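Each structure below appears as structure tokens.
The following pair of complexes shares a single chain, chain A, combined with chain B in the former and chain C in the latter.
Here is the complex of A and B:
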């Protein structure tokens, strides 16, 4: 397993030997086993793995949004500052302002009782202050930037009045409204159909180009990760089994699990064969 | 919206008509002959026939029923000639016991029932909802456990038991409160408040318990929603996360329940009023039932049904403002 070498003096995000475990009556269950990686500005790091591999737990740990029953060890540095174990008050200032998150299911991630404009505006207002009215103007602007036409009118619409793709655009507008340095996208396109998925990926790439935001892109979809990221971590059962540049991983996978994952992708140029099953047991619990 | 309202009102009229028909059928067609009851034990058959004719109970069931309904909308006349008694619309008839107009009887008792219902509702909403919210936020703590224990006892203990215990402790032993009665507010507001305090508390206890448990469950469900995680990820403080994002979805279902419960109480708090001997609509109902005073029973049943149906419509209309998803469907 290769370690990610930091390229600058203080990377945007540096995760070091992060371990997340949950205490239960039957004993502790560790869901993330000592993973390390770093993200630079303007870089996208993809984290791939199947359900339960610990991808989402890793992202929630970075945001400091893990449930209270969990315990986390290791280190998470944002722009050189240790944020693991920081006070809730301090984390609150960082969330939305320095680091933001886009979630998998945009419908359930938006509050059905409030207009989307208000929900974007309150994110802006929480960090930049000012009146709700001024924040609403920022919200309309942010919605326009993520490609929602007629944004001035649509700020006053409710989440259920938008399509799935539009909702995810709103989530992205909300995450980007304070121009965060780090964006964590947890399966942002999984709930969308393929054409909409392509539009959203394009939008995120475009926003990254404009703002230089560093991105952690979590997905189970290898095709997506090969498109968006420069660097890939493959996770299985809470461990990083392989990491490296996207090119390396896809052209020359070293780990058996990565090989199996890549091999399971049906290919258009191959003769028709049964889909392969990925044996999760390929990685032993050490 | 307008068509929706019209549809709802039409449906409500249908339900009311059905309630009226069923109640009329149960009490007039199946129970004892009112003429015999009015006439007393020593009564000639001719006298009974005469009373029957005056009351109109010698007519077939459907004729009686439509005369009754007609009385509500157009008024009716009991008897003929010199003995005729006019009853103006909306006519609910006269009590067999006191010969008073049923409408007037209900009107006389309404203020007491309204006072009891409003006071209790304020108490149970304040206490029930805030206890529920606190329990959800402090889930698993001693506060949560204690509050839910009290709520469970509030649901399980019968009203009249709590009423009697409170009356014994607060009125007889400690003498903090006067015996519950129904004084006028203007005479002595403090005495008015103290007289009503116990009925309010007793009535509110059961409801508050139910509301606390329901609010707690709703709130815990809402706190587990993805949009709460989003709100926290935006960097909102816990005040905004709870007060703005969690509270509103948790309380919307409570509005429905409250509409029904409150409307039900306007039709009389039967047990509380009876236990404390307060002359509200509930006491009127229980007295009427025990004395088989059919017109009064008819009147209070229709009134109670009307309240519940109207409350139902109000709640549904209110829901369109409370839940934007419903608004889109109705509009």
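Here is the complex of A and C:
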């Protein structure tokens, strides 16, 4: 297992030997086994893996949003500051301000009770303070930046009046409104169709160019990860089985699991082949 | 029944007209409100029951005024309206209904039934409304605490709820009310109704809070740095409004019924203060000779409970229709 070498003195995010486990009556279940990686400013690190591989647990651990029943060991440093085990009060200040998150399902990640403008404004006000009026202006501006036309009017609309892709844009606007240094995107395009997915990915890349935000991009979609990220971590059963630059991984996969994953992608020029099953047990034989 | 298509028809119209509407921060919420009211207006049953509820509430508020108009107060004896030779039966037919006594008179005492119904409505509604208000507040607070925090908080609250719901409440109410000094009976009644009433509201709120707390928008709020209090009051509570309104509307007839039952059993409102249940209890020995005395309070009790139940059912359906379309 290769570790992503930090290029600067203190990387934006440094995850070191992170282990997450849950204590149950039957014994302790470890869902993330000592993973390490780092993210630089303006860099996107992709985490790929199938369901249950520990991708989302890793992202929740970084945000400090894991359920209370879990125990986390290792280290998570944000701009050189250890945040694992920081107080809830301190973490709350970091969330939204320094690090933000975009979730998988844009249909349920907005509160149906409030206008979208209110929700963005609330997120902004929680960290920057100021009047609701000023925050609303910021919200309209943020919505404009994520490509929502007529944003000044649309801020007063409710989530159900937007399409799925629009809602995801709003979620991104909400995450980016305080200009966080780190953005964690947990399967942000999984619930969207392919054309909208392409638009959202383009938008995220554009926002990253503008702001220099470091990104952790979690997905099960290899095609997406090859598009957006410079570094890739392949996860299986809570372990990083392979990591490296995107080109390396895609052109010359070393691990059997990664090879099997890449091999499972259906190809348009090879239509007769049956869909291949990825043997997840492979990792245990190593 | 008729409100369902109306609700379905309204929503697409709203969506298509949406891009043309002007900016207003309250527009979406008021459109939900408008959709529910128009669904309610489309249903004759809901309108009739709403009409009757308003009538009863007005009667209760205007009781002193109405009694002045009818000329008899609820405690006034009218010896001229009853026949002492027949054991005090009303002289006029149909339980003594006349221009003087609109709903007849009480056998034996000759007290005006109209005045007692009107004042009885006051007592019944005051007790039912205050019990509903208190149980709702207690039920919502405890239900949300249990649903949101889970763990031992939930354990404690849920076990107390299980205990209270499994308890033979009517027997306990009778025992408690007969043991306690009669003092201020209406207040005692409200307290007893509240002790046994809140778990039914808290149980529903707990379940809904649990499902709302796991929704992604709560997680998203957490991820943007919202505090626990902000999540409870700003993210979850507003989404419970519909449920709470329906629960209150459906709790009121239950309390009216229970109050009547307790008064019927002699542990409710103490005479001479009139209450519908107590009037029905007084009418029981007279059912064969003076059925009207039984019929009038029975009809009022029945119609009031029915109206609240029908109204609550329609309201819950109107709100549900909207929620599934979101």
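Things worth noting here:
We take it that the second predicted complex is superposed on the first by the 283 of 286 C-alpha atoms of A that agree within 3 Å, B and C clash if a C-alpha of one lies under 4 Å from a C-alpha of the other, contacts with A are read in each partner's own complex, and residues count from 1 in each chain.
Operating definition for what follows: a contact is a pair of C-beta atoms (placed from the backbone, for glycine too) under 8 Å apart; a residue touches a chain by one contact, two chains touch by 3 or more.
These numbers come from a predicted model, not from an experiment.
With chain A as the common reference, the superposed partners chain B and chain C clash.
In the superposed pair of complexes, A:123 makes contact with chain B and with chain C alike. Look at A:240: by the touch rule set out above, it reaches neither chain B nor chain C. Touch criterion met: A:153 reaches chain C, while chain B stays clear of it. A count of residues in chain A touched by chain B and by chain C gives the higher number to C. Of the two partner chains placed by the overlay, neither chain B nor chain C lies in contact with A:191. When the shared chain is aligned, no partner comes close enough to touch A:222: not chain B, not chain C. Stretch 2-10 is the one of chain B that runs into chain C, the other listed stretches 2-10, 20-28 or 74-82 having no clashing C-alpha atoms.
Residues 63, 65, 92-97, 100-101, 103, 105, 108-115, 122-123, 126-127, 158, 160-161, 171, 174 of chain A contact both chain B in one complex and chain C in the other. Partner chain A is touched in their complex by these residues of chain B: 225-227, 229-237, 240, 244-245, 248-249, 252, 323-325, 328. Interface residues of chain A, counted against chain C in their complex, comprise 63, 65, 92-97, 100-101, 103-105, 108-115, 117-118, 122-123, 126-127, 152-153, 155-158, 160-161, 171, 174-175. Within the complex formed with chain A, the residues of chain C that make contact are 15, 18, 23-25, 27-29, 215-217, 219-227, 230, 234-235, 238-239, 326. Remark: chain A residues 63, 65, 92-97, 100-101, 103, 105, 108-115, 122-123, 126-127, 158, 160-161, 171, 174 touch chain B in the complex.
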